[in-house]
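The two complexes that follow have chain A in common; it is paired with chain B in the first and with chain C in the second.
Let's turn to the complex of A and B:
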């Protein structure tokens, strides 16, 4: 196990290093001089040179790279050129909204996918299977922002059952006292049930819009894996021992069928955590995606480069956790077989 | 493995017993030659049987097609009897095994028949009630040791699962000791330590031993072994068979050995049922089949067995044609389109043969062939 952990951690460090190099090169290759952007179009060349010196643009490239990553990992992410606030504060303000939406959407996606896949495999419902395959087909092929608009038209404009694009809370609700930065959890901790409900219903549509295509992907994967595993002889053997059908299925089919889904789930969660620009725009969600969208429009260099690295680190870390979990669940990953021993 | 004298087995219906000379008196004493065969045992006699199957039929339906995998199969097994079921792939052997255990999954369905296990009718029981029987009174060993064990659970967990399923009150430590004991019984070295290993750390032969250990965990009266040695190399095969032989001998277990290897049947079994297109077309003591295969299909199967004495005769013959589509069975005898005897005969084409009881030099047999009586006088191998 130790060897597996070391290998995966080293691999992750390598991936993050690659991401920093890539982000650094892309940022330098983009047209436009950041110093010129900071001082404005009317500034003198002397002012531009002085700002260049200040932000280190006149230093050798390797030194610049070193400063870039050392500052990033020290949490010194610089200041927004647009409004002078610290990037750390800006991201810290927006990240919880994205994390809350990502975790909620991820949980919803996984729970729905597992329930649906069990319904059509373990329960063998052919009609439900056909419907599910249709939904998965359409859900996988439809762009999320379009799904978001459709959801808003149906549930907000036509039937008024769910709130419209007004962010994390209704207009009457005030944010709950901050503990975890997740409004749903904080509201529950503070005992403000109306605030909890408001934040919960505000999460629903964005979560569905964000999760639908991943749901489609995972449900197809899980369905196929469950069907394959339920034909495995070891399931018949387990039934032959006298186990009930569900017991045999739960103990032997589910863990084996979940293995490939775990990897897929890691990719999905990593993607959700990096924030979705379009979904956050459509629902006015005050998350990291809309922050980055604004930053790109304003060419706010410091925010964009921090975001690129941050999302790379989050993505790599989530997948590191998945790889380690995989090794815990699947002994074939951590223990060599007889053939190679 | 064992010498086999030509002592006349009993009647058909699987109730015969060949003379197994080196297995000791205990088994020989139970031989009752000349027993009335098959389909009409009175109820009292049936309750003496370890397993008694009547008119078992199983189909698989997928909307358009109905595949008749098991058709009207009947047989009896006395305690400690060993019945070999042979036939080509797709002849319904595995479906028969699963039907007996009540493990046919949709779209498959057992459509008729009775199964008496130790005198108790089990074919109409609920899944829960059957769960109390499976693994305890009747157990299963499957073909492929690579896939018969869950790759993500330890060997110990899987053996303990078989024990705990029928001993819910047993403590974990005791179950673990019992599991180690079982592994020792199937000749796994260092059983306590190897309990914590995973299937991929075991060799194929060892996995098959584990599968046998799980099957005998609760001392079942009937063991169904579906091609238990097919996936193993020849040396391992004979080791596993010797082990199985020893264990069922010790525990007094009746065995249904499903295989397409006639050599294994001749070594291991007392009686044999030749399965073709879902039916038992010939059922007899094991000697009868090898000396006087009466059904043309049995004869053809036997000719396909490699035999050093026949090397000079050129390449092994194959049975021409293909097994019938079990969804579109011929009107008459299912073997007729391939049969060297009945291919051109209108009766064979139109009329399904009824079971004929015949008696030859090596005992009685039940043969589903219009020419059974005629052939038993002619056949010489």
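Let's turn to the complex of A and C:
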């Protein structure tokens, strides 16, 4: 167990190192002046020179790399060219909205995927199965921003059942008193049920748009795994010793089929990080994604660069956590001898 | 009297259960069998037909259509679909059908280039890592791990920001992201093929390593490479459109599907849905066809799959 953990942690440190080197090469070593990227196209030559000096472009490459990563890991992420605020403050401001959306979307994705997979495998509905496979195909191949647009046109513009692109709350509603920064939770804590409902319905469409491609991926994986596991002899044994069908399914098939899905958690996070940039703008969601989208349009690259490197570090860390979790749950990973026995 | 005697030797061959054909003699015979299996498969006809239709559309529609993709006609702006403008007109009075056709051309051409470039670079890395091994294998695979440490689309964004915004740099970004998938897959294929008995036999009859690689290892990799390319083509279309959507890929006024969706975004909620919907449907159909094609190819060709017919 200890050896497995140590190996994975070392591997992740290596991956983060590799990612910083790659980001450094892309941003610094390739042609194009990174100082110009940071200060923007309208800045004076003087400003370019001072930023060049500040980020150490006049120093040797290795020193530059060291400055680059030490600044990054100290949280010294520079300043937004567009409004002069520090990138750290801007990201901190926008983080809760993105996290709330991501958590909600993740929960929705997982619940729907498990329910749908159970419906077509345990309840054996062939028509539902065909529909689900079709949805999974199309959902996986549809860009999230197009899904977002379709949802808005159908549920907001045509049927007026869900709110349009107005952010986290309706225009009249005031945000609930801050406790967790999650509007839904804060509203519940303060007992403001109308605010809770408003933030909940505002979350629905962005969460579906963000989660659809992950749902498609996970539901296909889960369906295939459930079908495979239900052919295993140990399920026949479980039924043979007198367990009811549902009990055998819940206790023996589900956990085994769910394991590979856990690994998909890392992929889902990658989808969400990129997806936030693609859909938050469509819903005017005040999160990191729309911050980055606007920064790209304004060529405000200090924000974009930070987001890119931050995404890589978070991505690696979450994948590490998933792998360690896997080792805790699955005895075949935890105790190597079991796998070979 | 047994049927074998009645039918003779030739008839006996046809009595074999399907899937148990005698081992293929050579690379040419294997390729012929693969193409026969593909052409006689009904379920591959749908995605293949859709993609062929899209290619023909992208080639001929911009030539024969009466409007150009960037011809403005401000008097007729924001008109809903009609017989004259089957997909309507946008805020500058440009014909959306003409732009859609131009967008199909751009998406298919750039995604094809991206797929081929990724396959060549990633394939070579995988082949060399898998056949040479040792130190270069370690270095190459660590480099691939560094690429995989990024969420895919975000690395493509990084490349585009670093090299300068535009369709060309977006294409480089998307191609770079696809490289490690080819490299890992083909490396493991090379390792698998290398351990097969006929490779040992080839060395035993005195073939050089270069000849074994070019004559046996590379041809045997092809099915897996094609499966991966079909999937990567879908991702390339999607990735390019996504980068254009956020403003990192094709720039105004290029008629690219992702960029068209951004341009039509604010009009979609005021009722002019046609500007964004048609390019979005184009993306959906193209990417879904590519992933269906890839899945079916995997069923038919993957040497490790249970359905392999070769």
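In the analysis below, the second predicted complex is superposed on the first by the 310 of 341 C-alpha atoms of A that agree within 3 Å, B and C clash if a C-alpha of one lies under 4 Å from a C-alpha of the other, contacts with A are read in each partner's own complex, and residues count from 1 in each chain.
Here is the rule we go by: a contact is a pair of C-beta atoms (placed from the backbone, for glycine too) under 8 Å apart; a residue touches a chain by one contact, two chains touch by 3 or more.
Note that the structure is predicted; figures quoted are calculated from it, not measured.
K.L.:
Considering only touches as defined above, state whether A:321 meets chain B (first), chain C (second), both or neither.
P.N.:
Once the two structures are laid over each other on A, A:321 reaches no partner at all.
K.L.:
Counting touched residues of chain A, say whether chain B or chain C comes out ahead.
P.N.:
Touched residues of chain A are more numerous for C.
K.L.:
After the superposition on A, what does A:252 contact: first (chain B), second (chain C), both or neither?
P.N.:
In the superposition, A:252 touches chain B alone.
K.L.:
According to the stated criteria, A:137 is in contact with first (chain B), second (chain C), both, or neither; which is it?
P.N.:
second
K.L.:
Of the two partner chains, chain B (first) and chain C (second), which one does A:239 touch, if any: first, second, both, or neither?
P.N.:
After superposing on A, A:239 lies in contact with chain B but is clear of chain C.
K.L.:
Just chain B (first), just chain C (second), both, or neither: which does A:43 touch?
P.N.:
So A:43 meets neither chain B nor chain C here.
K.L.:
Looking at the overlay, does A:262 come into contact with chain B only (first), chain C only (second), both, or neither?
P.N.:
Touch status of A:262: no partner.
K.L.:
For chain A, give the residues common to its interface with chain B and its interface with chain C.
P.N.:
Comparing the two interfaces on chain A, one with chain B and one with chain C, no residues are shared.
K.L.:
Using the touch definition up top, name the residues of chain C that touch chain A in the complex.
P.N.:
Going through chain C, the ones touching chain A are 142-143, 145-155, 157-159, 161-164, 234, 238, 241-242, 245-248, 258, 261, 265, 268-269, 271, 273, 276-277, 280, 283-284, 287-288, 290-292.
K.L.:
If we count contacts the way the header does, which residues on chain A are in touch with chain C in the complex?
P.N.:
14-16, 18-19, 21-23, 26-27, 30-32, 37, 137-138, 140-143, 145-146, 149-150, 152-153, 156-157, 164-165, 269-271, 273-274, 277-278, 281-282, 293, 296-297, 301, 304-305, 307-308, 311-312, 315-316
K.L.:
Going by the contact rule set out above, which residues of chain A touch chain B in the complex?
P.N.:
Residues of chain A touching chain B: 124, 232-234, 236-245, 251-252, 255-256, 259, 329-332, 335, 337-338, 341.
K.L.:
Tell me, which parts of chain B touch chain A in their complex?
P.N.:
Its residues touching chain A are 98, 101, 103, 106, 127-128, 131-136, 139-140, 142-144, 147-154, 161-162, 165-166, 198, 200-203, 211, 214-215, 217.
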